[in-house]
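Each of the next two complexes has chain A plus one more chain, namely chain B in the first and chain C in the second.
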Partner chain A sequence: MSRRGRLVVFAVAAAGLAGLLAWGLGGLPPLGQTPPYGQMLITVATMTRQVQNAVSGVNFDIRLADTILEEFLLLTAATGVTVLLRRLDDERERSPEQLAAERPAPPPVSDAVRVWSLGLIGPTVVVGLSLIAHGHLSPGGGFQGGALMVTAGLLGFLAGRPRALPWGGGVELTEAMEGAAGAGIVILGLAGVAVGGAFGQNVLPVGQRGALASGGLVPLVGGAVGVAVASGTALVVRAFVAEALAIRRARQR
Partner chain B sequence: MIAVQAIVLLLVAGGAVAVAATRDPLCQAIVAGVYGLLLAILFVVFQAPDVALSQLLVGGVLVPALVLLALDKTRGSGGGPPLGRGSGGGPPIEEGSGGGPPLGKGSGGGPPIEEGSS
Partner chain C sequence: MMSGLAYGVAGFVLLTGLWGIVTSRDSIHLVLCLSVAQSGTYVLLLAIGYREGGTAPVFQGVPPSAPAVDPVAQALALTDIVVAAVVLALLLALAVQAHKRFGTRDPDELRALRG
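Moving on to the complex of A and B:
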C-alpha cells in the first residue's frame, strides 16, 4: 500500500477513535463523584465480610472467580510464550556458562550500589511480608507483596553475591511453590462448593473487622496469591538473570 | 486538591510523550520507569493506594528491570553492543551469523522498514 493510502486509512481510523472516545468521555460521571456501585461494594465488603480493605474484599471474595481466571490468563500467556520459544530439532541450546564465555566482562558494580542494595534487602522482605499479611486490613495484598519480594531478589542480584540468591539453585522448588499456590487458590474457592454453597463462597467465620484474623477466606487467598506471584515472577526474572550470574561466577574464579 | 490533580495529570501526559519520544531502548527503559512512578503518584492523588502500590512495583521496578535484562541478553550474545552504551571495542563476531541488527539503533543491515515498499 502506498504512503498516501496508509495515511487515508489512518485518518479514517483516527477519526473513528476520536469520535468514540469523545462519546465515552462525555458519559463519564464528573470527577470526584463516586458511582453507587462503588459505595455498594464498600458496604458489602466491610459489613458482611468484615474486610477493612474493600479492594481485597472484592478481589479475593466477591469476584474470586474473576481473580482465578486472571491467574489462568497469566498461566496461558506464559505457556504460549514457552511453546513459541521452545527449542526446535535443528536448534541447539547453549547453557548460560557457554554464553558467558563469549561475552565481554560486565562493568564492575560500584560499592555504593552494592551497599545500598544489601541494606535494602531486609526492609524490602519485611514490607513485602507485611503487605501480604495485611492485605485485608490496609492497602496492599498478595499481588503487591509478592512483587515486592521479587524486588528483594533483584536487589540481591545487584548486591553482587550470586550464591546468596534465593533462587540460585531452587528452580524446582520455586516451580513447585507456584503450582501449589495456584492450585491452593482454586481449592480455597472449591471449599464453598464442598459445604454445599457456591464456588468462592466465604466459608470461614469472618471475625471482627480490623483484626489480623478476620475476613474469613480473604487473607488465605491473599497469601496464596502472594506465593504464586512471587514464585512466578522470580522464575521469569531468573531466566533472564541466569546468564549474567554465570558471567560473574566465571570472573570470580 | 484539584490543582494537585491537574499538575500530576499534566506530568503524566508529559511523561507518556517522553517515553514515546525516546529512541534508544536503554534510555527508554529508564524513562518508562520514571513514567511508572508518575502514574503511581497519580493513583495516590486520586485516592487509589492499592492500585498505586501495584503500579509502583510493576511499572516502576519489574517492567524496567525485565526490559534491561532482555536488552542485556539480546545485545550481549548476538552482535550488538553490551549493556551500558557499549562504547568500547567492536562487538565480538562469532560463528559468522551475528544475528540481525541490534535492537534499536539499527546499524545498517536489514532494509529500512519505512517508506513506500508498495
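Moving on to the complex of A and C:
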C-alpha cells in the first residue's frame, strides 16, 4: 500500500477510534469521583494489614495474585528477549579476550563519565535498597527499587571498560536469582495455604503501622519482587549489550 | 470541563502515538511511538483514580481516614509501566534482528517475509 493510501486508511480509522473514545470516555464518571472500592481497600490496607502505603498493600497483599502474574510477564519477556537476541547459527559470540584485543581499540570513555558513574553507584544502590525496604511505608516498593538496582549495574558498566561484557560468569547466577525470586513470591503466597487459609493470605503478624517490621508478608513480597525485577531487567540489558558488542556474523571474521 | 480535559489528553496522546506508528520510517522511532501511544493509558488511569482534594494513598503523617486518590488505579499504572517496559524491550529486540537480517530500519522496506 502506498504511504498516501495508508494515511487515508489511518485517517478514517483514527476518526472512528476518536469517536469511540469520546463515546466511551464520556460515559465515565466525572473527574474527581472514585468508586468506593479504592476507599475500601485503603481501609483494609491501613487498618487490617497496617500497611502505610496503600499502593504496596494492593500490589503485595490484597492483589498478590495479579502481581505474581505481572512478575511472570517480566520473566517471560526476559526469556523472549534472550531468545530473540541469541547467537544464531551463522554467528559467533566473541570472548571477552577477543573483544579486549580488538584493533583499533575503541575510544576511551571520558574521565568525567567514569568519575560520575563511579560516584553515583553507591548512592543509587542505597536509594534502591531503601525504596525496596520501605515499600510498605513510603512511596516506592520492589518494582521501583529493582529498576534502580539495575541502573546501578549500568553505571558500573559505564565506569568500567565498556567493551568488557558485563557479568561474564554472572549470567547464570542472575538467571538463578530471577527464578528463585519468582518462586519465592509464589511460596510466600502459598504460606497462606500451608496454614489452612487462602492463597496470598497475610499469615505473619502485621505489627504497628509505620514500623519497619509491619504489614506482615508485604515487605517480604516487596523484597522478592525487587530481586526479581532487578535480575530480570539485568538479563534483558545484558542480552542487548551482548548483541551490540559481541555477536557478529561468522563470515566477517 | 476538567474531566473532558483529562480524558481528552489521554485520547489525544493515544492517537498521536498511533499517527507516529503509521507514518514511521524507522523501526526504532516506531517502537518509541508505540510507547507514546501507551502513555495515554497512564493519563487515563490517573484521571480515573483522581479524587477531588485527595492526597497520595500513602499515609505517612496523614490519618488513614483522609481523602486519598484511588490506590487501585495507581497499582494498575505501575503494572502498565512494567508492561510498557517489557513490550519496549521485546520490540527493540525484534528491530535489532530485523536490521541485522534485512539491513534496513525502514519498516516499508520489509515488504515480504523471507527466509
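Criterion: the second predicted complex is superposed on the first by the 183 of 253 C-alpha atoms of A that agree within 3 Å, B and C clash if a C-alpha of one lies under 4 Å from a C-alpha of the other, contacts with A are read in each partner's own complex, and residues count from 1 in each chain.
The working rule: a contact is a pair of C-beta atoms (placed from the backbone, for glycine too) under 8 Å apart; a residue touches a chain by one contact, two chains touch by 3 or more.
This structure is a prediction, so every number in the text was calculated from the model and none was measured.
When the two complexes are superposed, the chain touching more residues of chain A, out of chain B and chain C, is C. By the touch criterion defined above, A:3 reaches both chain B and chain C. By the touch criterion defined above, A:84 reaches chain C but does not reach chain B. Look at A:131: by the touch rule set out above, it reaches chain B but stays clear of chain C. Of the two partner chains, neither chain B nor chain C is touched by A:108.
Contacts of A:240 after superposition on the shared chain: both chain B and chain C are touched.
Legend: residue contacts after superposition of the two complexes on their common chain; A:19 is shown touching neither chain B nor chain C. In the superposition on chain A, A:148 contacts chain B only, with no contact to chain C. By the touch criterion defined above, A:99 lies against chain B but remains apart from chain C after alignment on the C-alpha atoms of chain A. By the touch criterion defined above, A:122 lies against neither chain B nor chain C after alignment on the C-alpha atoms of chain A. The interface of chain A with chain B overlaps its interface with chain C at residues 3, 31, 53, 55, 139, 141, 143, 233, 236, 240, 243.
Residues of chain A touching chain C in their complex: 3, 6-7, 10, 14, 17-18, 21-22, 25-26, 28, 30-35, 37-39, 41-43, 45-47, 52-55, 57-59, 63, 66, 70, 73-74, 76-78, 80-81, 84-85, 137-139, 141, 143, 209-210, 229, 233, 236, 239-240, 243.
Contact residues of chain B toward chain A in the complex are 5, 49-50, 52-54, 57-58, 61-62, 65-66, 69-70, 72-73, 76-77, 82-84, 89, 92, 94, 115-116, 118.
Those residues of chain C lying in contact with chain A across their complex are 2-3, 6-8, 10-11, 14-15, 18-19, 22-23, 44, 47-52, 54, 56-60, 64, 68-75, 78-79, 81-83, 85-87, 89-90, 92-94, 96-97, 108.
Chain A contributes residues 1-3, 31, 53, 55-56, 99, 102-104, 106-107, 131, 139-141, 143-144, 147-148, 150-151, 154, 233, 236-237, 240-241, 243-244 to its touches with chain B in the complex.
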